[in-house]
Structure formats: C-alpha cells, structure tokens
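Pasting the structures here.
You will see two complexes here that share chain A, one where it goes with chain B and one where it goes with chain C.
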Partner chain A sequence: MIKEIGIFIVAVILAPLIGGFLSGIDRKLTAFIQGRYGPPIWQPFYDVIKLLYKQRLLVNDFQVFSAYMYLLSAILSVGLFAIKGDLLMILFIMSLGLVFYIAGALSTKSPYSQVGAQRELMQMLAYEPMLIFFAIAVYNVTGSFNLAQIMTHGKLLLDLPLMFILLGLVLTIKLKKSPFDLSASEHAHQELVRGILTDYSGPYLALIHIADWYELVLILAMIAILWSQNLVIGALIALATFFVDIVIDNITARMTVKWMLAFSWSISILFTIVNIAYIYFRR
Partner chain B sequence: MGLKEFVEKSFKKSPWVLHYNCSSCNGCDIEILACMTPLYDMERFGMVNVGNPKHADILVVTGTVNHKNKEVLKNIYDQMPEPKVVVAVGVCAATGGIFREAYNVLGGIDKVIPVDVYVPGCPAKPEAIIDGLYKAAEILKEKYEKMGKAEEVLK
Partner chain C sequence: MQSNLLLLSIIFPIIAGIIVLFLRQSSIRKAFIATSLGVIVLLSLIMLATLKVPDIFNSPAYYNGMDVAIKIGDFALLLYVLYISFKIKEWRATFFAVLQLVPLIYFEFFMLKEHEVAMFLVDELSIIMNLIISIVGSLIALYAFGYMDHHEEEKHVSPTRQPRFFAIILIFLGAMNGVVFSNNLMWMYFFWEVTTLSSFMLISHDQTEEAIRNAARALWINMMGGVTLLLGIIFIYTNYNTISLVDVLSIKDTEHILLPMFFIAFAAFTKSAQLPFQSWLLGAMVAPTPVSALLHSSTMVKAGIYVLLRFSPLFRNTLLSDFIAIYGAFTFLATAFLAISQSNAKRILAYSTVSNLGLMIASIGINTSSAIAAAILLLIFHAVSKALLFLCVGTIEQHIGSRDIEDMKGLVNRMPVTATITFIGILTIMAAPFGMLVSKWLIIEVAANQIWISGILAIGSALTVLYYTRWIGNLLSGTYFSKRSGEHINTAIGISLYSLTAIAIVLSFTISTLYNMLVMPQILNMKMDVALKAVKGYLYTSNGGFTIYPIFITIGIAIVLSLISIRKSTRIAVKTTPYTAGLTYAEEDGYDVRNYYLTTFATEGILTKYFNYISVVLIAVILGGAIL
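On to the complex of A and B.
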C-alpha cells in the first residue's frame, strides 16, 4: 500500500515535467521544420510559470471550479495509470475532466469560447470511441481491463497493430494538432481568437496547460504499454509516435469538423473490426 | 536559482504579444508580421502572437488614434491582466506622424493609454521592432517586481 502511494506521488510529480519537456521539444521541432531557430526547450515552463503569476481576471466563478476539476481528473488518471488501475476507469475519469473543461468554456458569454467548446465536444466525440474500442480490443487479447494483468502480455503491439495506429490518431486529436486543430486555434491562427481557451486566463490557463501535459503523458503511456515486456522500448515507440504526430501537424492543413467525424468514425470502426477479426484468426 | 528569480525570469522569457492596428496604413503591420517569419523569428525570445487580450502581456499598437477607435484601444488595454506593457510602433503611434494635424486624429496613442516603448520609423524596421519588444519584455519583468513590492506594502 505504501509502495503504491509512493508510485502515485512520483508519477504525479514527474508527469508534468515530462509533458512540459515534450511540448518544448514539439515547439523546437516545429520551428526546425519551418526553418526557424525556435524558442528554448524550456519555453513551456516559462509560459506556465508566467501565467501562474499573472493577475486573476475572472468571467465567473464556475470557470475556477472547472479548471481545477480538469487538472484534478488529469492528475488522478495519470496516478491511477501509474499504480496499474483499471483501464476503463482511467478513460472515464479522463473524460469527466474534459466535460468540466468544456462546461467551463460554455459558461461564459463569449461566442468564440462557445464555438470552441462545441468543436471540442465534436473532437471528444471523434476520439472517445477510439479509446473505448482500444479498451475492448485489449480485453479481447488479455481478458482483463486491469493494467497489471494487461502488462503481463509482453508484446501487445503484435496483436493490436491497427489499434496502435488508432492511438496515434487519438494523440493527434487530443493534442489539437493539424488536421484536427479545430477547437483552440493553435499556432496563432486566431480565427476563433483562442477558441475554447478564450475566457480562461492567467493562472487558470496555466492549470489547463498543466492538465494538458498530464493527458499527453497518459496517452503516451497507453502507447508504451503495448510493449510492456521492456518498457524502454515501449517508451521509444511512444516517442516515435509523438514525433510522427508533430511531422503530420506540420505537413497537413486543417480540415472541417464534419470531415473529422466522418474520418475518425469510419477509420476507427473499420480498424477495430479488422483487428479483432485478426485476433480471432490468430488463435 | 530560487522560485522568485525563476518567476521573474519567466516574465522576461515569455512575453505574449497582442497586435492592434489602430487605423494604421498597414505599413508597420506587415513589418510586425515579418518579425514572425523564419528570417527574423521572434519566437526565439519566447514571443508568441496571440489574438486574445486576456492572454497578452505586450500590446503592440500601430497607427494614429482617432475619435472612432480610441474607445476600442482603451477597451483592449483594460482587458489585459497586469503586468502589461504597451509598445507604440511607427511614428504615427508615437506622435501622430504626418496625420498629426488631421481633423479626426487625436495624435499618438499615449493620448489614450500609457506607452512604455516607442519604436520609431515609417515603417519601423523588423530589427527595430524586435529590439523594442525585447526592451518591453525587460520592462514587463520590472513591472512584475514592482507588483510584488506593492503587494508587500499593502499587506
């Protein structure tokens, strides 16, 4: 029990450091691809610390509550993952926090915030089925939703190659990368001002950035357990997926919400059916 | 390095820039946009172009103030959280330039909001704008330090 609490605390402290470092690499690599020099690798930490010490400007009190709930659920899901909890439970806690994040943006009167929140809902609708399908496919191979039991199967990647591609897609949608950067107008596009983040400002925006880092680490960890025989190789696979996502972000243009829904639903249903059929034929 | 020093450094290293075109001729604006291109790349100082006054630290204004847009400028300035810095880019924003005597023009933007850095030029060169923004980031750090001192006095 004490050991588990220790792992929980270590994971909760380490995850935002890794997430912030990875998003710093993201910005540097994006700058490299665009032929720029780019910001220092620690830039995301400077941004978040600066935001934490800015003046508080609130539209309403519910925003504070929802920003804290989003952070709390992200922390809890990463912690539960670290102590090898239940995969379905982790997914539900993660989406609970996102619901608060969206409700906080919907609670303001700004039309930009409203449209951004609607688009974020659509993005959730696009990737939540993929995560559930992933859990189902993992259950089909291992017979359990418990991470400790899932991780006794060393090379899940060989059984679930298509679900691995789906997880890469989830990462792209979740990080709001092109062609799915719909809800928050990433990369200073500004057609929705800042979309769902418009009315979160100062310290509360910082909390949301930190929660995003937790979720990035969570999705990468989900990819890493596909090779749980040797977690170093798993982590390398996850990092490779992350870099492919950055490259995709830089070489594609933004698509519409309708296209995203049609694409993600058709591809997730197709890949899941093919992958589960493959598992049955291999037996 | 203690936490206090790191926070101060963060303010200097991460100024988010909001650009407002205050009836400018678009000459200075394209020079500001040129600062973001790979040739000048202002992101290496951590400067990000944001479209939301609630996220911004530095307000970059180009052009003269007239009776129509003085309220808009004041409104944008008021929406920015403290600490904040204003940079006037180009002679029009600094003094009114060649439009100074026009019947609809109030003059430089310092008639409406307090200005910290003036960047001269018609249009201002991208190098000069980046220099001005870097000075503005240093002023931002100083303002944060003063904010901390004011809070201590109020306690």
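On to the complex of A and C.
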C-alpha cells in the first residue's frame, strides 16, 4: 500500500515534467519542419509559469470548477495507471474530466468558445470508442483489464498491430493535431482565437495545459505497455509514434467534423474487428 | 403475518386509490394521499427488515378470495379495454383484447385444473423492485401534489381531475407490487394488464386529441405484449402442468421452455418499449411529467426487465439468450443515436430510457453472474436518477414554458436550485464514480469477449456522454453580468427533488453495501457463482476492478480548490465578458450558438424506419433461437 502511494506520487510529479518537455520538443521540431528557429525547449514551462501568475479573468464561477476537475481527473487517471489499476476505469475517469472541460467552455457565452466546445464533443465522440475498443482488444489477448496482469504479456504489439495504429490516431485527435485540430489548434501561434480554450485564461488556462500534459503522458504510456517486456523499448515506440504524429500534423490540413467522424469510426471499427480476428487466428 | 404484509402492500394502495376517488376536497385528499404514501414506504421498509428471503409466503385464508377476485378482474379488465377501444376507435386494441379474451376463456374454463399454489414468491429481486416502487414511486407522487395544481391552473381544468389522477397512481403502485410479488403466473398476468390500463388512463389524462391518440398507441402495443405473456403462460402450463412461478423456476428439463420464454421476452420488450415498440414510450411523453417519471422511466417499464431477470436462469447458456443480448445491445446503440438528434428534453430522456433498458436487456442476455449483477445495479440506479431528471424537466417546463434544451441556456441564473439539481442528476446518470457508470463499466467488462456486443456498448456510451454533456453546458451557461433571480420552490416539489438527489448520491456512495446486501444474494438465489465482489467501494472481478472513493475524493478536492479560488478571485479577479472578437457584448440577446445535432448523420424519421426494420429482423432471429 505504501509502495503504491509512493509510485502514485512519483508518477503524478514526473508526468507533467515529461509532458511539458515533450511539448517543447514538439514545438522545436514543428518549427524545424516549417523552416523556423522555434522557441527554447523549455518554453512550455515558461508559458505555464507565466500564465499561473497572470491576472485572473473570469466569465463565470463554473469555469474554475471545470478547470480543476479536468486537471484532477487527469492526475488521478495517470496515478491509477502508474499503480496498475483497471484500464477501462482509467478511461472513464479521463472522460469525466473531459466532460467538465467541455461543459466549462460551453458555459461561457462566447460563440468562439461554444463552437470549439461542440467540436471538442465531436472529437471525443471520435476517439472515446477507439480507446474502449483498445481496452476490449487488450482483454481479448490477455484475459484481463488489470494493467498488472496485462503487463505480464511482454509483446502485446505483435498481437495488436492495428490497435497500436488506432492509439496513434487517438493521440493525434486527443492532442488536437492536424487533420483533427477542429476544436482548437494545438499550437498557440497558429490561431488568434483558440476555439474551446477561448475563455479559459490566466491561471486556469495553465491548469488546462498541465492537464493536457498528463493526458499526453497517459496515452503514450498506453502505447508503451504494448511492449511491457522492456519498458524502455516500449517508451521508444511511444516516442516514435509521437514523432510520426508531429510529422502528420505538419503535412496535413484541418478537415471537417463530418469527415473526422466518418473516418475515425470506420477505421476504428474495421481495425478492431480485423485485429481481433487476427488474435484468434494466431492462437 | 408476513404474507399478510405482502398482501397488504398490494391491496392497501388499491383501496387507498379507490377512496381517493371520493375525496373532493383538496386538503383532505392531499393529507390522505400523503398518509397513504407514508404507509406504503413504511410497509416496504418493514418488509425489507423482517422478511426472510428467498421464500414463498402463503395466507390460505385469503387465497380463494384473491384468486376469484383476480379471475373476475381479468375479464372485467379486458371487457373494459374493449369498451375503451370502441370508444376511441382503436381497432388494434380491440383486436388484441379479443386475442387475449379467447385464449383466456379457453384456458380458465377448459384447461386449467385448479389447485392451490403459493401466493407470493419473494426474493431479493422482488424486494429491490418493491423498494423502488414504494420509495421512488411515493416521492414522485408527492411531487405531483405541487405539479398537478400548477398543471390544472395552466390548462384551466375545472372541476379538478386530480382525484382520478391520484387514484390511478395509487392503484398502479399496488399493481406493480402485485407483479413483483405474485407466485401464481395468472396473478402476475392480471397485475401486468392493470399496469397497461393505468398507463393508458394516465397518458390520456389531459383528454386532448394528441393525448388520446398516443394513449391508444400505448394501449394496443402493450395489449399485444399481454397476448404474448398469456400465450407464454399457457405454453408453460401445457408443457409443464404448472402456473406456479417457483415450480417453473425449478424446472430441470428445459427442452420445451424456450418457446414460452420467447413469448414472455416479447412481452417484456413491449413493456420496456424496446425497438420497434419505442414509439409508444415517446408518445407517452404528452402525459403530465410525474407520469413520465413514474410509469415511463422508473417503474412500469422496469416490469419488463423484472420479468426477464426473473426467468433468465431458464434460458441461461442458450442461443435465445445470446440473441437477446445482441438485440438489447442494438436497441441501446440505436436509441442513443436517435437521442443525439433531439433537442426536446423529454424526448432525450425517453430515448435515453429506452437505451438504458436495452443495455439492461443486453446484460441479461449475456446471462453470466456478473452480467446479471450489472443489470440489477443498473435497474436500481437508473430508476432513481431518471425519475429525478424527469421531475427536474417537469419543474423547468412549468417555469420557463419550454422543454427544449436550447431554451435552457443560462437556466442556472433563473432557476439556480433546479438547474443545479438537474446538473447533479445528469452527472449521476453518465459520469464516474456514480452507480450508473459503474454498472456500465461492469457490463462492458463482462461483454468483452463478445466483440460485437462490447463494441456496440463502446459506441453507445460515447453517444450518451455527448447528449448529456451539451445539456450540462446549456444549463450552466452564464456570466457574472447575467440577470439573476431567486427561485421559489413548492414544498412538495422541493422535498421530492432533494430526497431523490440525496438517494442518488448516497446509493452510489454505498454501492458496495448495496451490492452485498441485495444484489449478491440474488445472484446466489439464481444459483450462480458470485464473480463480482465488493469491499469498501471497490468492485472487482478476476478481470479488473473499479474503485469509487478516489474519484469522490477528487471531486471533493476540486470543489474545495475552486471554492478557495473563487473566494480569492472575488478580491483580485477581473470579472470579464465572454470573448467576442472586439464586438460589443450584449448580455441578453447576444449570440445563439445551437448545439450540434448531427442531423446530417441522424435524421430521426429515416433512422427510426431502418432501425425498426433491423429490430424486427433481430426479434425474428430471437424466435429462431427459441425454436432451434
């Protein structure tokens, strides 16, 4: 029990550091691809620290609660992941935070924020089923939803190649990267008004950024456990996926909501069925 | 003694209902009804505390009297339905009433060899149903005190029709207790038909043309269910020579049981408004809101689920069961799809009710011990939360004159209390760590090796989150400059809303106690191994576990932190207007951003048509599963 609390705390402290660092690399790399020099690698941390000390501008009280709920749910899901909880439960906790994030943006009466929130709902509709499909597929290989037991299967990637691609897709949608940057662009410099984030400002925007880092780490961790035999290799696979997503971000343009839903649903249903058939075929 | 308690729980509400018919003076009537409701709740609590279940109960002195009364009641009821169907010219109801009358006469007079069977079969499932009927039912009836006064004032009803309204509600509560306690299948059938008739009379309560038309549809569809229920019972009797539920459940040779099971399941589908029968439930939304809350979400539609659960051991591990699971899952997904195209709050709730009932049916069809546990848990939590949400919508509608969620924008400024309660109600129905979500988690985990079903559940859950989240957003929207007003809440309405909210939260918080006390014993009654265990808010199987307290703590911390932050910000924060790209912000008639209803994907009419076709095919497949 004490050991688990220790791991929980360590994970909760480390995750945003890793997330922020990766986000810095993302910016640098994106700048490189776009032929710019780009900000220093630690810029995301400077940004968040600066935001934390900015003046509080509020539209209503519910925004505050929403920002905290989003952050705390993300923290809890990362912590539970670290102590090897139930995969499906972790996904549900993640979506609890998201419900508040979206409801908070819907609750301010800015049309930009509301449209962004509606689009974020569509993005959620696109990737939530994929994540649950992933959990179901993992169950069909390992016979369990418990991460401890899932991780005794060293090379899940070999059983779940298509689900791995789906997770990569989830990462793109979740990070709001092109072609799925519908609710807001991930990169602040690309837009003057950032959709769902429009009315979150100052310290509360900082909370949301930190929560986003947690979620980034969470998805990457889900990819990493596909090679749990050696987590270093797993982490490298996750990082490689992340870099591929950055490249995709830079070579594609924003698509429409309708396209996203049609694309992500058909791909996820098809991949899941084929992959699960493949599992039974391999046995 | 104990069997008299059971008898009382059926007879008392019925007699009280008949008395109410004659109480013309409002204050006396209300006092009488309130007392009766108190007695009903007390009776159910006494039974919870004192009955040793599972067991059969008898009071031989009353058996014959009851039996004869029910036989006469059967015919009286069907003749009355015939009379109604002539009056409103609903020939389909006539058809199905005759279709019941003929086999009933044949069965009662020529087939059935009378011998006394036990009166009541009571196990944890009956107790759970009884608690829902008594407690949630009474709170809804209490709510109706405030609601109906306002309703009649609005519609200029004079003289008052409230005696009729409350009489039917009380009789309905008695009949529901009859359904869940009866051991004699013919008694169950009778009470089942009484609930159908009550539903008809309550939907048509306002006597408008639309109300009568929709009530007629509810009547004929449920009469059709009555036909198949009766056929199922007759088939059981021809094959096994018994109409005693406890004997039926102990049948060893299940060779001839599947066809009657199909008929009974069909009756359950009509009662629970599964596709393609959902139209009657949607039509039923014209009824006064307490009726929607009581009959059409928390109790009567659960009678179908109850019957399926009751007979589920008989079709465990059969093709029939597998097909029922697929059918239920399909209904879950299809109606969730239909719900996202809706902006009318009552229709959203109606579709969501059908959807959740489908989920319960899917889970009964999966028919493993954890799946049955999930179905029972879902039944409990859904009854409380959905009743609460219906009552909230009723209250909102009486204040703002609309039930459209687009019109509920900024409701928190105008009706702070009701909007907050609605918000909590929605959370308890869709979000972790509340009971509904825990049940859903359990269902997905137990369905995970049936890829079709679990896949459907995954998509359906995402859709559910979609249509509830945007509703929350609408309810809570506002700025510091919004015009605020206080809210006056009628006492009866207030008591009912607060109690249901408290029950919804407390039940979720004590889910492990609830499970160990009532659900797990029922799994044992059904002779299954217990796979799901619960300790201190941690529900686990060998495949995974869900722990609720960390999430409750997280929500608690978020509340505390945001309170601190808000208090601090009253000094230092700048209260700003929403971002409008530099245009002047107008608070009242500013911008109107409608929700996305995805009508390019989902137009209700066309989708309903196709979904109905598919569901008819699926029901045919279930029949195939029963015959093969």
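Here is the rule we go by: the second predicted complex is superposed on the first by the 275 of 283 C-alpha atoms of A that agree within 3 Å, B and C clash if a C-alpha of one lies under 4 Å from a C-alpha of the other, contacts with A are read in each partner's own complex, and residues count from 1 in each chain.
As a working rule, a contact is a pair of C-beta atoms (placed from the backbone, for glycine too) under 8 Å apart; a residue touches a chain by one contact, two chains touch by 3 or more.
These numbers come from a predicted model, not from an experiment.
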| item | value |
| --- | --- |
| Clash or fit, chain B versus chain C on superposed chain A | fit |
| Superposed arrangement, angle subtended at the Cα centre of chain A by chain B and chain C, nearest 10 degrees | 120 |
| Superposed model, chain A: greater residue contact from chain B or chain C | C |
| First, second, both or neither for A:K54, with chain B first and chain C second | first |
| First (chain B), second (chain C), both or neither touched by A:L239 | neither |
| First (chain B), second (chain C), both or neither touched by A:I33 | neither |
| Which of chain B and chain C A:K258 touches, first, second, both or neither | second |
| Touched partner set for A:V193, first chain B, second chain C, both or neither | both |
| First, second, both or neither for A:G85, with chain B first and chain C second | second |
| First, second, both or neither for A:I41, with chain B first and chain C second | neither |
| A:L205 touches, of chain B and chain C: first, second, both or neither? | first |
| Touching partner for A:I7 - first (chain B), second (chain C), both, neither | neither |
| Shortest CA-CA distance in Å separating chain B from chain C in the superposed model | 6 |
| Residues of chain A at both interfaces, chain B in one complex, chain C in the other | 55-57, 193, 198-199 |
| Chain A residues within the chain C interface of the complex | 55-62, 64-65, 67-69, 72-73, 75-76, 80, 85-89, 92-93, 95-96, 99, 102-103, 105-115, 117-118, 121-122, 124-125, 128-129, 132-133, 135-136, 139-140, 143-146, 193, 198-199, 257-258, 261, 265, 269, 272-273, 276 |
| Complex contacts: residues of chain C adjacent to chain A | 410, 412, 430-432, 437, 441, 444-445, 448-449, 451, 454-455, 457-459, 461-463, 465-466, 469-470, 472-474, 476-480, 542-547, 550-551, 554-555, 557-559, 561-562, 565-566, 569, 572-581, 590-591, 593, 595-596, 600-601 |
| Contacting residues of chain B [partner chain A, same complex] | 6-7, 9-11, 13-14, 16, 36, 38, 41, 43-46, 48-52, 54-55, 57, 79, 81-83, 144 |
| Chain B partner contacts - residues on chain A that touch it in the complex | 27, 31, 34-40, 43, 45-47, 49-50, 53-57, 185, 188, 190, 193-194, 197-199, 201-202, 205 |
